[in-house]
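Following are the structures in question.
First chain A sits with chain B, and in the next complex the same chain sits with chain C.
Moving on, here comes the complex of A and B:
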């Protein structure tokens, strides 16, 4: 009897999980489906779910009108570059906070996190003016720096949490065996924290890939990322829903595929240390 | 340590210098533009400009509200990211007055600037100087289903009144068959529902500000405007009209779910295009309605090309503007895609062309444009220029908030009286804060 109740609960839980999953995924599914419709079918009421004239016309128009590869390449460089730079800075910072904390470590961590609460538009003009002075407007290096700075508090926080899980005695043992600080971080700490570092990298690539405020405001014709590519198909005067959906599908496809293949690491990393 | 730092500085600044050098390439211009059919067509043909002049063209296409914010940031900080900006009649006189745009009073004789429709050149000038060249212009007009009008036993006059429109809308409404007598913009936003209700209010004798810049939402004329709009739309409009903008109404009309639609004249080519519209062969056109007070409810707008002051490529930018807004560009598009697809509403010569006169909506578009007067938009005098807007920097912010209050009233979340009282308070506070 107890077993049958348990099975029923399992079934209900599974069904609920699927329902929640489908609700979360539905906007993406709808975008993908719309990308295969004509503009007429895209706005049809009642909406057409699967039974419409499937077409690849929107993808062909988007390919013809925009240089997708340039936007994609910019996104890869900017998301990848800002994450790598962020991790290079955050690993030593998180090490120091986790293993050599000072009286003010907690305050510093909170202060770093508080910078995330500042509305981005509040610093748009100062950053824009600095970028003009430094010649960084519409450059990939400029965006790498800005996105790295924006995501740095999250990277440091995540790595700090993972490093705190590692027993400091192991590092002490390495030190007693003669390991230098560099060797200790590179050959002892980093290999032990690989799942945490991997999930931090994955999460930050996703955050940088999807970032739209700075990538739209600090770029023009050269360093535009896939968010600028999507924005170019939005219009309040004229029907572009199917083309916009095709552009969106092309923009999210790489990160969706990456997320799919790395979901195990992502979940493992995000839940690391969650149960104590 | 000092050597290392010097080396690092050298590398960093060399990187900046290289990136700046790339940004300042000579035979290249960057254009910020909006995403609509005519602009996309121009992008497609810009390779012909490059072939003729050797000047490469880079495009930055954005949704119009994003574009406004983006180019405003760049022009106010002198960022120099764009050599040409696509702006409208609202921004042009304000930015021209501020010295942010290059005057276009030295365009070549071949360009024939005198051929630009006076309503367009007037709205794109400040103090008699043209600051932006119109790529295409538009007004608003009535687009109606001729079959449903006939079924209702009515004949649409060429210049209808609001009373006729309301009566026709009620008769054309067929809820059982999902046909709404009239579809109008109710969506919040100064360029969406805000533009429509402002143009409509002109025909009801209302105005945004009196001669002393005092808001007038406490007037009877505004009460009549909003009450009439809400009453008519509640009777004959589509469900959820408070959130409908241009695209939503276009979609409804193309699917045969609207008896009438009063909106931008550029929509005429969409609703008569059999590829997208199920009612393409059943559409008639009329002037936007009036109330017998001497002002109609049509607006006036142009998407125009302007050069930001301080660009490094002023001469190349002027060449492009002359090419894109010329008579020969219109002829090229006509030859390749037909006269119905040329950018309308900018040049007098287009409407004198016998071939263009055959396009079904050409005459009504011109008549609508000519009947809008941005210098005298209202029944009573006003201190501002603009038909569906007041060309002052504060307007966009105020009108966005005011139109939100109006949308809330359309949705039944508050009364018309409450919406107008809030609009009066919003506008008064903002104008006082701005020093008017």
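Moving on, here comes the complex of A and C:
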């Protein structure tokens, strides 16, 4: 039986939770609000919360000055490309480990997880050197490969846990009916696996979009993503809070919206099934 | 039952993932190990020969080493303490019946999706700046002297930024764990007259212990390599040079690759010690 809760207690819970939620969310809200202010209003004292002259000029200035569209396009190509490439490599691997497990399956999974623990800074110079030698420095393809590799363990693990949930009796029944491996994958497994694959893609796009270490160290003007775009705002020139806010809002808005849809997958993807 | 041919097919399907990850792990690792034993200065003569264990000794005896270890520990432990404690409290709060639970959850989780460069710059300029930052303005309203947060309280600033980014993660995981807590057990304890604090200490906390361990381990791995937050705020100044940042400076800024690589080897060993504990928990879960 559910615990009966008095209305008074529910009201207190609600008030407290909303207050805490708004405090945590406030920096984002403040950034979004500031992006619609003039530079003067942005640093006005006392601070102006809602009653200021709303303007869109910061967005057009940011776009003009730092070519937002090019960075956005790089972010889309790099986050999308690395995720798709990773999923293409991970789906067969996760499929075979989930449905044709062998004695070594667990070892392979654990080993893959261990590659994720490698601190990036420990291998920074080798990667940097390889990138120079292969002409990959500041290219989209180079970053696609690196981000695919750092996220591949997470992709394999997530897909593996999703595939594990598909009852193997269904596959056995299909095999009994004489389904070939190809038709088994295409007509039995794929439809059941689509939601899991979609969630995996969602979380990994978010992770790749927000990646900072490799993005900052391996790209410059040409292949820079929105992470690098914002980094170019680190040196303040005169009045710039409103423009920084507009640039920040443009960089986080797409992923914030995607992120809210992927709350559940976040737990699965980032704890490797250790918390359910 | 898996047949012989399906086993062969399975092996073939795992191969690409294993090969690329093996390459990604081994090639840079071997190169880092190699460089760590070389006197390698790309801008000052290149590879000047074998250095023995010189780099390893010089890295730990340099005057920046212990401060870097201290800075790393301070940030990791500070942010861990805040995110875990607040995370437990928030998870319990969000688990209570209330109006608009879904929206509150969205508000709480949002910071996790903000890229590190954005959160660093927004906090640094719009909140922590000593002239126009919101904190300074609030201080002024109450007649207090604004603080130069980034310069005078660099660790408070960094721990604040890192905690803000990771609190959603801790909360979400602990909330998932708390929702699997058997409410009948709590009710029984309540009926037996156990006060709230005892119910929390003897039922909720033990139930959450594994989730808390997982949060601590995963956050430790990520926080040991905090980078953008430091680069964007202090750039390693004011004593905030962590182990990660120190290695980054040795390798890319001063281009002393041998020395930096030796540091890298230390960082890899450190991360692996933490990873072993995490892997044990994950491995146990895989068996059940």
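We take it that the second predicted complex is superposed on the first by the 209 of 276 C-alpha atoms of A that agree within 3 Å, B and C clash if a C-alpha of one lies under 4 Å from a C-alpha of the other, contacts with A are read in each partner's own complex, and residues count from 1 in each chain.
Convention: contacts are C-beta pairs under 8 Å (C-beta built on N, C-alpha and C of every residue); 3 or more make two chains touch, one makes a residue touch a chain.
The model shown is predicted, which means the values in this text are computed figures rather than measured ones.
By the touch criterion defined above, A:176 lies against neither chain B nor chain C after alignment on the C-alpha atoms of chain A. Ranking chain B and chain C by residues of chain A touched puts C first.
Contacts of A:112 after superposition: chain C is touched, whereas chain B is not reached.
Look at A:65: by the touch rule set out above, it reaches chain B but stays clear of chain C. By the touch criterion defined above, A:231 reaches both chain B and chain C. Legend: residue contacts after superposition of the two complexes on their common chain; A:128 is shown touching both chain B and chain C.
In the superposition on chain A, A:89 makes contact with chain C only, while chain B stays out of contact range.
Looking at the shared chain after the overlay, A:256 reaches chain C, while chain B stays out of its contact range. Contacts of A:50 after superposition: neither chain B nor chain C is touched. Chain A residues 43, 45, 124-125, 128-129, 216-217, 228, 231, 233-234, 236 lie at the interface with chain B in one structure and with chain C in the other. Residues 15-17, 19-20, 22-23, 30, 32, 34-37, 40, 43-44, 58-66, 69-70, 73, 77-82, 191-192, 245-247, 250-252, 254-255, 257, 264, 266, 270, 276 of chain B are the ones that touch chain A when the two sit in their complex. On the side of chain A, the complex with chain C involves touching residues 2-3, 5, 9-10, 13-14, 16-18, 20-22, 24-25, 27-28, 30-31, 34, 43, 45-47, 89-90, 92-93, 95-97, 99-100, 102, 106, 108-110, 112-115, 117-130, 149, 152-153, 156, 181, 206, 209-210, 212-213, 216-217, 226-228, 230-231, 233-234, 236, 241, 244-245, 248, 251-252, 255-256, 258-260, 263, 266-267, 270-276. Contact residues of chain A toward chain B in the complex are 39-40, 43-45, 65, 124-125, 128-129, 132, 134-139, 141, 216-217, 220-222, 224, 228, 231-240. Looking at the complex, you find that chain C touches chain A at residues 2, 6-7, 9-11, 13-14, 16-18, 20-21, 24-25, 27-29, 31-32, 35, 90, 93-94, 96-101, 103-119, 121-123, 125-127, 132, 134, 137, 140-141, 164, 167-169, 172-173, 176-177, 180, 183, 187, 210-211, 214, 218, 221, 224-225, 227-228, 231-232, 244, 247-248, 251-252, 257, 260-261, 264-265, 267-268, 270-272, 274-275, 278-279, 281-283, 285-287.
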